[in-house]
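Dropping the structures in below, format is structure tokens.
In what follows, chain A forms one complex with chain B and a second complex with chain C.
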Partner chain A sequence: MTALADAGRAPPRRSLSTFALSENGIAVAVLAVFAVLPLVISGYPIYILPQYMLFGVMAMSLGLLWGFVGILSFGQAAFFALGAYTIGLAMQSDLGVNPAYVGLLLSLVVGGVLAALAGYFLFSAGVRPTYFVLVTLALSIMVEQIAVSQSEITGGWNGMFIDRMTVTVGPWIAVSLSADLPAYYSVLPVVALSYALLRWLVSARFGKILVGIRENEDRMAALGFDVSMYKTIAFAISGAVACFAGALYGTQANFVAPSLGGVLFSTEVVVWVAIGGRSSLLGALLGGVLVASLSNYLSAITPEYWQLVQGLIFILVIMFFKGGLAGAVAGLGRRGWRRQVAP
Partner chain B sequence: MSELLRSEGLTKRFAGLTAADRIDFALEAGSVRCIIGPNGAGKTTFLSMISGHQKPTSGVIYYKGRDITALSVVERARIGIARKFQTPTVFDALTAYQNVELAVLGTRRPKHQQRARIFEVLDLIRLADEWAKPVQFLSHGQRQWLEVGLLIAIEAELLLLDEPTAGMTATETAATVRLINMLTREFGLSVIIIEHDINFIRDLHSPVTVLHLGRVLMEGSFDEVATNEAVREIYLGDAA
Partner chain C sequence: MATTLSVILDATLITLVLALAAFGLAIIYGLIGVINMGHGAFLTLGAYLTWATTHAGVPFVAAVLLAAVGVGVVGLVLEHLIIRHFYDRPFDTLLLTWAFFLVMTELIKIVFGTDFRNVVNPLPGALDLGPVKVPVYRATIALVAILLIVATALVFYRTTLGIKIRALIQNREVASLLGLDIARMYKMVFVVGAATAGLAGGLISPMLSVDPYIGNIFLVRSFFVVIVGGVGQLLGGTVIGSFFIGGLETIFSLVSKQVFAQAVVFAIAIVILRFRPSGLLRHR
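Coming up: the complex of A and B.
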């Protein structure tokens, strides 16, 4: 084969400008903005933003499922709340090591195992996506109900108070995150790392197989891929990520109540991801941060109507921008590219 | 040549209807077999039982001497039995390259070999120039080929092709004959084909199995089948 013919088949070369316009490039820029934000502003936003970033991580856990496997879950908040309760209980107990670390680690295990179990039984039984949504909905209701009913452990309706965690490195370093600034700078790297890990996952062999399942499940099975196993693993990862983010949120917010795991909040997560763009992890992350911030702002200035506004945005996105914010940006990029290429 | 596939007494009953009735079938490794028969003869049902998409009511399937009757679609694909469906079943939103890449990912080939392998397959199915095109924009015939390409890419040994030339032009059909001949002669693959296109079957020069009302009516060369009185009758009867 001639070199010329081969060149036509080569994927486009990466350059700095194409990277800057890629999802990872935009993500680096966004994270850089978050990194310098505390130098510019202080006070309430620096207190609340880490919590919204963790909402964003939960949104990414849904983005992985909804965008890449094509499975919608109304149960992400259940995992999130479970994580918060897990770290809360861990920090109440008398452990030799840093209890927050134990709580964070446990939250990964609890979320992952619970999702793996639910996923295994549902997917290997060939449950249809619609029924899967219903089961995840039930999961949210269950977590909320258990949090209410087991009041000796969870505090019931009153909720549970959780201390801010302390970051320790062996016996040498101990930094309390009770002040907002260190808390902010400890959450930000976790958010960046979660994004990087999930991005790596979806661009690796595993992620490509998930997209294959989303596009044509029957074809994947007929090619010899164990579709239900891959779906189960994806759900387990999604559950683990949401639960871990919830644990970190618990120590950030100092408080967890049953409603954090409820259906209403789970629905909000779906709205964030739809608005941000489900086929992009960055879209989901920003959807979580921006919509939660907007809700907070609107609920302060117009407590009666903010949910209406959010609902309207959701409807508009579903009607006119199926790909959400990320889809619209990608569309703009493509149009710009076409203009450059056109004679 | 050794025997690759054998079915004994393969039967499928749907409520009140016997779609496949005690089918005994054998296929040599590296050979092609066409299955013909009028509508409702049980051709697709038979193929579905071989691919694992339908469980037989009774009967046994052996592949390389092993009883595979209880294996799932996924398990059968892993041991080399892969199926092309009647309507092209590919990943419509993905490019031709990505389609074949997904199949290659199933083979656990080392990463640095994957790209070369994908283009090897794309060359074979004449889609190398269209590698970057979402396959929903390919012609019906090209999509048929792509699906065959996916089966080649997972390194299947037995290809089950349900109407591979449906919707193809005469030129495309002729190219498909050449492709199938190359797969069997050069790569040693075995192929079972359900087809209606009589020119295609003749050009393949392969043995033909005729199914009628779920049973094997006869087996033989194309000429034997084409001149058989009983075969003519069921086809004429079908047309009337």
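Coming up: the complex of A and C.
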């Protein structure tokens, strides 16, 4: 059913064709396409795609939670916006070192620590998953409201402008990311790295325990696993990833406003992940990139009707295709493999 | 003295308006366990239907009743097409009702546009209570909220229907074995909840500018009202929860900006949810 199950069911002898059909194989292909894309096209798509890739990273942070632990958060965008504000504030201040690095590092810490605190607070009391959704929904409203009301710091409704960062290596190299091409090629490795890291995490023992919790929490507790601790760690990682992606997004988009952390954007992420496939990290990543791109493209033509269609697709996915696009592809792949083995 | 009195009055009025807004949610969540994320859309739709019908010349009271019926019909369609297949999967109903919210909001935007709409206040003016003045319309709404809660209490505790509903909450299987048509009861509760939300949306509409997202503010507050009060504690819970959320909001907005006050109240509600997940009214 899931990509994880697929990985476990892989045939003992791994030929090139089975690798190409596996999630990692597809991921390599997709990232390769992204890598050569600027050679083929230029202009607006190259400017905007890094932002959507970072949306994809945020979507993966939700995929980790929703797909592998069975916890749904309506507050991922709150962490994303928090990251953008963090780097914005860091870059306004006068620091000895490269302020963007400080901002990026801080965003990891801020996102991770806040998520760990909120997660521990809630999970240690065994708050049920539906209430967790409501609490994270409230958190995203709170972040939006605080961003609006603390206008001396955040700029309020008008938002905050953030410069593009400069990549420095010691005193020797300094590359400004103000041009689109270097920006593109600095975001892409981060996306690839985030994917690889999360992918490694879910296929390691930690990920297996998370899936165990998703499938049967009581049994995992009976087996001696500290369920609330594992959930807290998963949420902390998810929060840190979303916050970090948000920080990069902030310097990439040059701008952050309160609505970036709001309810509507937070739940948009849920729609991406549902459509892309909640139990596949690649599905979530592509869900984010593709649905956001499609939204941008179609919103220019027919904004209301696209949102409407997206909502209807969301309903259909929840009702009939729980695996989303990734689930559909995995189903096709499995069918093809069976045919090869037993004609 | 006068300010204390006006704060108390303010808090009472806000409490009752909040109770009115949350009541439809309390019915659906408390009785059949559906986390209805579409509640905000029901409220918004009720407000827009009221705006449209009053604009077409229908008297206000009739317009609000029409809005309730209209939202009830939308609820019926939603329940019949989608929700009834998912009663045993609460998490999916949560997602599906949220999807309904997204779709409904877009439909509202397409039909009514995104501009602010104003419903004319049918009862302008203020009651002069000596040191303080109370807007007549707000006072009326508060009265309606009390009436609605009392009427529901009567249905609940004094009619056969009420006995059936209470049997349903206490033990679904046994109620079904005793011959209750569970599917029909669920449908009825969902539709009544939707219609109540539509009624509330219509009644609230003259007090604020109507835009496609007004339901949003009330969605989370309504949930906290229901959870803080105690899920299934339809009457006392809703009032206590509203008093808590509305009262705190009034007090905090005395000392800080209103948006910030709301964030603080949410934080307090989350703390309560953590330590008393079944609400303030229940001891265990």
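We take it that the second predicted complex is superposed on the first by the 331 of 343 C-alpha atoms of A that agree within 3 Å, B and C clash if a C-alpha of one lies under 4 Å from a C-alpha of the other, contacts with A are read in each partner's own complex, and residues count from 1 in each chain.
Basically, a residue touches a chain if its C-beta (ideal position, glycine included) is under 8 Å from a C-beta of that chain, and two chains touch if they have at least 3 such contacts.
Note that this is a predicted model, so its numbers are computed, not measured.
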item: Chain B versus chain C as contact partner of A:332, first or second or both or neither; value: neither
item: Chain B versus chain C as contact partner of A:41, first or second or both or neither; value: neither
item: Which of chain B and chain C A:225 touches, first, second, both or neither; value: first
item: Touching partner for A:179 - first (chain B), second (chain C), both, neither; value: neither
item: Which of chain B and chain C A:305 touches, first, second, both or neither; value: second
item: First, second, both or neither for A:32, with chain B first and chain C second; value: neither
item: Chain B versus chain C as contact partner of A:212, first or second or both or neither; value: first
item: Partner with the higher number of touched chain A residues, chain C or chain B; value: C
item: Contact footprint of chain A on chain C as seen in their complex; value: 35, 82, 85, 90-92, 94-96, 98-100, 102-103, 106-107, 109-110, 216, 220, 223-224, 227, 257, 259-260, 262-263, 266-267, 269-270, 273-275, 277
item: Residues of chain B defined as touching chain A within the complex; value: 51, 53, 73-74, 77-78, 82-83, 85, 89-94, 98, 101-103, 105-106, 119, 128, 131, 150, 154
item: Touching residues on chain A, where the partner in the complex is chain B; value: 9, 205, 208-209, 211-212, 215-216, 218-227
item: Of chain A, residues touching chain C in the complex; value: 72, 121-122, 125, 127-131, 133-135, 137-138, 141-142, 145-146, 148-150, 263, 267, 270-271, 274, 304-305, 307-308, 310-312, 314-315, 318-319
